[in-house]
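There are two complexes below, and they share subunit A, which is joined by subunit B in the first and by subunit C in the second.
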Partner chain A sequence: MLGSTNKIGKYYVYGSTLISAFIVFLIFTILLINSWDAISIIGLDLLSFKWNAATGEFGILPMLFGTFVVTFISLLIAVPLGIYTAIFTSEILPSKYRFVVKSLLELLAGIPSIIFGLIGIAFFSIWIQDIFNLQSGRTILTAGILLSIMILPTIITLTDDAFHHIPDKYRESAKGLGLYKFEIIKEILIPIAKPDLKAAILLAFGRALGETMAVMLVIGSIDKIPEPIYNWLSPGQTITSKLGREIAETSFGSVHFSAMIFMGLLLFILVLILTILSQNSLKSSNGRLYE
Partner chain B sequence: MNRKLQNNLFYASVGIAVFVCSLILLFLFGIIIWNGLPALSLDFLTNTSAEFGASGGIVYQIFGSILLIIFAALICLPIALGTAIYKSEYLKNDTVHKIINTLIYSLNGIPSVIFGIFGLIFFVNILNMGISWFVGSIILSMMILPTVTLSTYQSINSIPTVYRESSSALGLNKWQVIVQVLLPQGFSGAITGLLIGIARAIGETAPIMFIATAFSGVEFPSSFLEPVSTLPTHILALAQQATNPAALQNAWGASLVLVILVIIFSISALFIRLRHQTISKR
Partner chain C sequence: MKNNNLLLILLLCIILNSCDKKQAINIAGSTTVLPVISIAAEEFRKNNPEINIIVNEGGSGVGVNQLGEGKIDIGMVSRDITQEEIEAYPNVNFNPISIGKDAVVPVVSSEIYKSGITTLTLEEIAKIYRGEIRNWKELGGPDKEILVIDKEASRGTRHVFMEIVLGDKEAIAEGADLVLGSNNEEQTAIVQSDAAIGMLSNAWLNKDVKGLSIKMLDGTLIEPSIENIINNKFPITRDLLIVTNAEPTGDVKNFIEYLLSSKGQTIVEEAGYVRINQ
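So, the complex of A and B:
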């Protein structure tokens, strides 16, 4: 009896580990199989500029462009803002307030993305519309700004942790040599924390690529690369917003559906690479999960 | 440039960044509370929605959200426990450990909309389950699996080896050691992970909007294979008719309720973690 529960227990833990490990493969396989139609029928035409389901043109470049520009804008704003703020919370603010800051950040990170979307519609898009005198405030820039706020807590928390892990003796010896705070941070702390900072930025990058709801509501959803290409005050489309808006109305098994899944597969692979890179970069492999 | 000047410039830019971040934080919470409070009332919480959400309440939405996350937690817990025990107690090979870790981190990184289209293809179309709340629960359980697994693993793995050795010396076999010595300790880690996972899952829209929810005509489901309405998808539907002020008002009300639910789950996770820490320090 005792031996058999021991065995059943062993099968149970093996089984659950297999299931956990299997899910990623299952998702990948399902996406690959369902995008195969698009890859074989449309082929290289997937990499063109025109998406028109009625005429059978499925060029994904506008969506790729939108995805990267929106992510680029969000990182451009959030990385400097986040790193400077993290320097304040870890190096200047007395550490007894650290708990408060961490809780506030967790609170901010916990706001569901749909609520950011609502705030984007009700405020940001209207502000952008008024400031730049546009017909509609739902633009690539609006989505980028909104996204930057959403990834800010990730960057601040991870950067703060990175600085916090550096032992105090580095700061003390540098101070003893007569360096100013700015010099200590620039010459000593940042070089030490560099791998962790890289991981933080990569993770934020991955999160920004995959963000759906907020972007979908404020980006305007036009499948075109703006004219000229740097005109970010025009509506655009990202992979996620395209999937979110169209997938439910596409019939399962059609080439259209398959082309959509192909974009999903692309996004999946991109984010996977970023996640793995950032986990490798994260020296402190203490098993903590950074979302 | 003068060193002192440089230092002061640096302090100034840090100050500006902190000011901007605080402003953002204040703005976000101010907006959610300011716009949400007028919509909140007992009627709003206990009535069903009418006129496509423009009037009435959100009782079905609250019920749907809670139903989804409860089942997601129930599905996730046994698998996460098993994986954590395997990782901590059975697995000796370093390479396999690394591979499993990579897979878990990858699962955690997958964008939520990908889970949505995966569910749409696999459960709704291939397994032909149709749009149902149970499919939504399964998908959400996949999303929170990494969080729960790693949190459980940490608490089981941090139990000192002495406990394992002394209970083995008393004649317990491996499984008895796990069930009677390690699990009672590790359980708080699992619950913490579950609460953190739930706090994230309850606000997710993208994974469930194609596969588990319908906007109108939803009542309490009588079987596993019926759609429900949830708070996030309700907010989405209302946000898309942003020109109608009554609908927007209700969207803010639903948002405040959703944020409060998220905060309740996060704070309970925090309390359990803190309590457990003080116990293990004794």
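So, the complex of A and C:
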């Protein structure tokens, strides 16, 4: 191979990385610049409970609350479900079926979120409405459950890989010591895979925070914190659903627009923090010695 | 080598695309005006196949904003353009053209309608939206909590409805339980519930979504019927507008002329609205 080809390859790789990094930086800068109006004009009033663009009140707390509660519910459901499924596919299922089952589960990740939203509106919210005898099935809980299905593949795939990377000799030695399968999984495999599990959960957390379409359709979109605060069977609003519904209605450059972008910035920072945390967790697991 | 081919194909695609650029009229906005425009666009294209017409929904607010930002040629708007919107785009000369008339009708789930609530006064509707009446029992209906459905703030239907009912087009509805967007979404929510009240364009009423008559102060009942829209008796009526930036020219002008022609007006009528010139 020629030296020049090598060089071109090198620059190509460097260039691609730089472009990707630059795009992230650019998005952050644009969000910051556009939300500056809101930060300087509204200031601390952003952290209030009332959102009414007509009177210039832009309180983002209801949206922030909705975002966290919906994400919390989805993690509450998806984490145990995902981890147990992964234990099954990697440890219990014969390996010739593992690929098939895992691919099927990963198909879930390929379903567009609007499809989840439509199913949510057409069936799911009606079920919730009937089961809990509610006025309307468009609730925070509905959004949380729908979201849990959507983040399930992320958790399953990453957790399954984590278990699969653990060398067999751990299992064999443990078996040799006379441990039951349950004990091997609980006492040996889970502790070893722990950093990876943490990373999987954090990544799923990030995905749940950013999901828009499905949540927007089923959450009811009302900018209020439910009363009482733990009444998750009432409608709410997340940052993403608020942005999805309202951003096109605002005129570019207005304070209203800026306040919307500010919520986007908050979301961006949250996801950034989660990603960094999960990368750290993965890094510590990569440095781990299997030998 | 394989990669090079791919790049070449990509490049060709881009070049071909830009050469073959058809003229397109971009339209977006109100979901109330949408059914008329999308059918009219199809019909119009039968005689003018060289013109592409791209129609998107989003609500009246979207129609105004995108026109203001120059993203579209025609905005569909089912309410008046607000002073703030005019001020937000000083360089745009909004030119509204009325293509039909419509009523915004307070609607209830069919269960409520069947239980006997077929008329309400504007005051009663206002109380429901303010959260002062919370149960259908208080209005003589079944013992069910009212599911009050509101719309996104910049939707045309909401502006027109709230202007008459709460006295301010941007009034906050304290009693609202859900906030939805398009006519479609609102219609679905009302069908899915058995105790809902909402607001819909006249053309979206059907057997599951019943329009209420309005009881006026002097005791007369005004049905949401085509005649009552024509003679302006129904209290919540509005013009369906399409808005252009300054006087339309070329294809856009032709399309608008088509909408105002007798053929275009027949489409307005078939969509459930009232033609502009009787």
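Please note the rule applied: the second predicted complex is superposed on the first by the 264 of 291 C-alpha atoms of A that agree within 3 Å, B and C clash if a C-alpha of one lies under 4 Å from a C-alpha of the other, contacts with A are read in each partner's own complex, and residues count from 1 in each chain.
In the analysis below, a contact is a pair of C-beta atoms (placed from the backbone, for glycine too) under 8 Å apart; a residue touches a chain by one contact, two chains touch by 3 or more.
Fair warning: this is a prediction, and the values are worked out from it, not measured in the lab.
Q: Contacts for A:Ile225 in the overlay, against subunit B (first) and subunit C (second): which applies, first, second, both or neither?
A: A:Ile225 sits against neither subunit B nor subunit C.
Q: Quick one: is A:Ala248 in contact with subunit B, with subunit C, with both, or with neither? Answer first, second, both or neither.
A: both
Q: Just checking: does A:Ala78 make contact with subunit B only, subunit C only, both, or neither of them? Give me first, second, both or neither.
A: neither
Q: Name the contact category of A:Gln129: first (subunit B only), second (subunit C only), both, or neither.
A: second
Q: Should A:Ile121 be classified as contacting the first partner (subunit B), the second (subunit C), both, or neither?
A: A:Ile121 contacts both subunit B and subunit C.
Q: Between subunit B (first) and subunit C (second), which, if any, makes contact with A:Val70: first, second, both or neither?
A: In the superposition, A:Val70 touches no partner, neither subunit B nor subunit C.
Q: According to the stated criteria, A:Val215 is in contact with first (subunit B), second (subunit C), both, or neither; which is it?
A: In the superposition, A:Val215 contacts neither subunit B nor subunit C.
Q: Based on the superposed arrangement, let me know which partner A:Ile149 touches: subunit B (first), subunit C (second), both, or neither?
A: So A:Ile149 only meets subunit B here.
Q: Just to be sure I read the superposition right, which of the two partners does A:Thr275 touch: subunit B = first, subunit C = second, or both, or neither?
A: first
Q: Counting residues of subunit A touched by each partner, does subunit B or subunit C come out ahead?
A: B
Q: Starting from the residues of subunit A touching subunit B, keep only those that also touch subunit C in the other complex, and list them.
A: Shared contact residues on subunit A (touching subunit B in one complex, subunit C in the other): 121, 248, 252.
Q: If you look only at subunit A, which of its residues touch subunit B in the complex?
A: So the residues of subunit A touching subunit B come out as 2-3, 5-6, 8-10, 12-17, 19-21, 23-24, 26-27, 30-31, 34, 80-81, 84-85, 87-88, 92, 103-104, 106-108, 110-115, 117-119, 121-123, 149, 152, 156, 180-183, 185, 203, 206, 209-213, 217, 240, 243-244, 247-248, 252, 260-261, 264, 267-268, 271-272, 274-276, 279, 287-289, 291.
Q: Enumerate the contact residues on subunit B facing subunit A in the complex.
A: 3-4, 6-7, 9-11, 13-18, 20-21, 24-25, 28-29, 31-32, 35, 78-83, 85-87, 89-90, 99-118, 120-122, 125-126, 142, 145-147, 149-151, 153-154, 157, 173-176, 178-179, 199-200, 202-206, 209-210, 232, 235-236, 239-240, 242, 248, 251-252, 255, 258-259, 262-263, 266, 270
Q: Given the complex with subunit A, which residues does subunit C contribute to the contact?
A: Those residues of subunit C that touch subunit A are 58-59, 61-62, 65-66, 68-69, 85, 88-89, 145, 147, 150, 152-154, 170, 172, 176-181, 188-189, 192-193, 195-196.
Q: Where on subunit A does subunit C make contact in their complex?
A: 52-55, 121, 125-126, 129, 135-138, 220-223, 235, 245-246, 248-254
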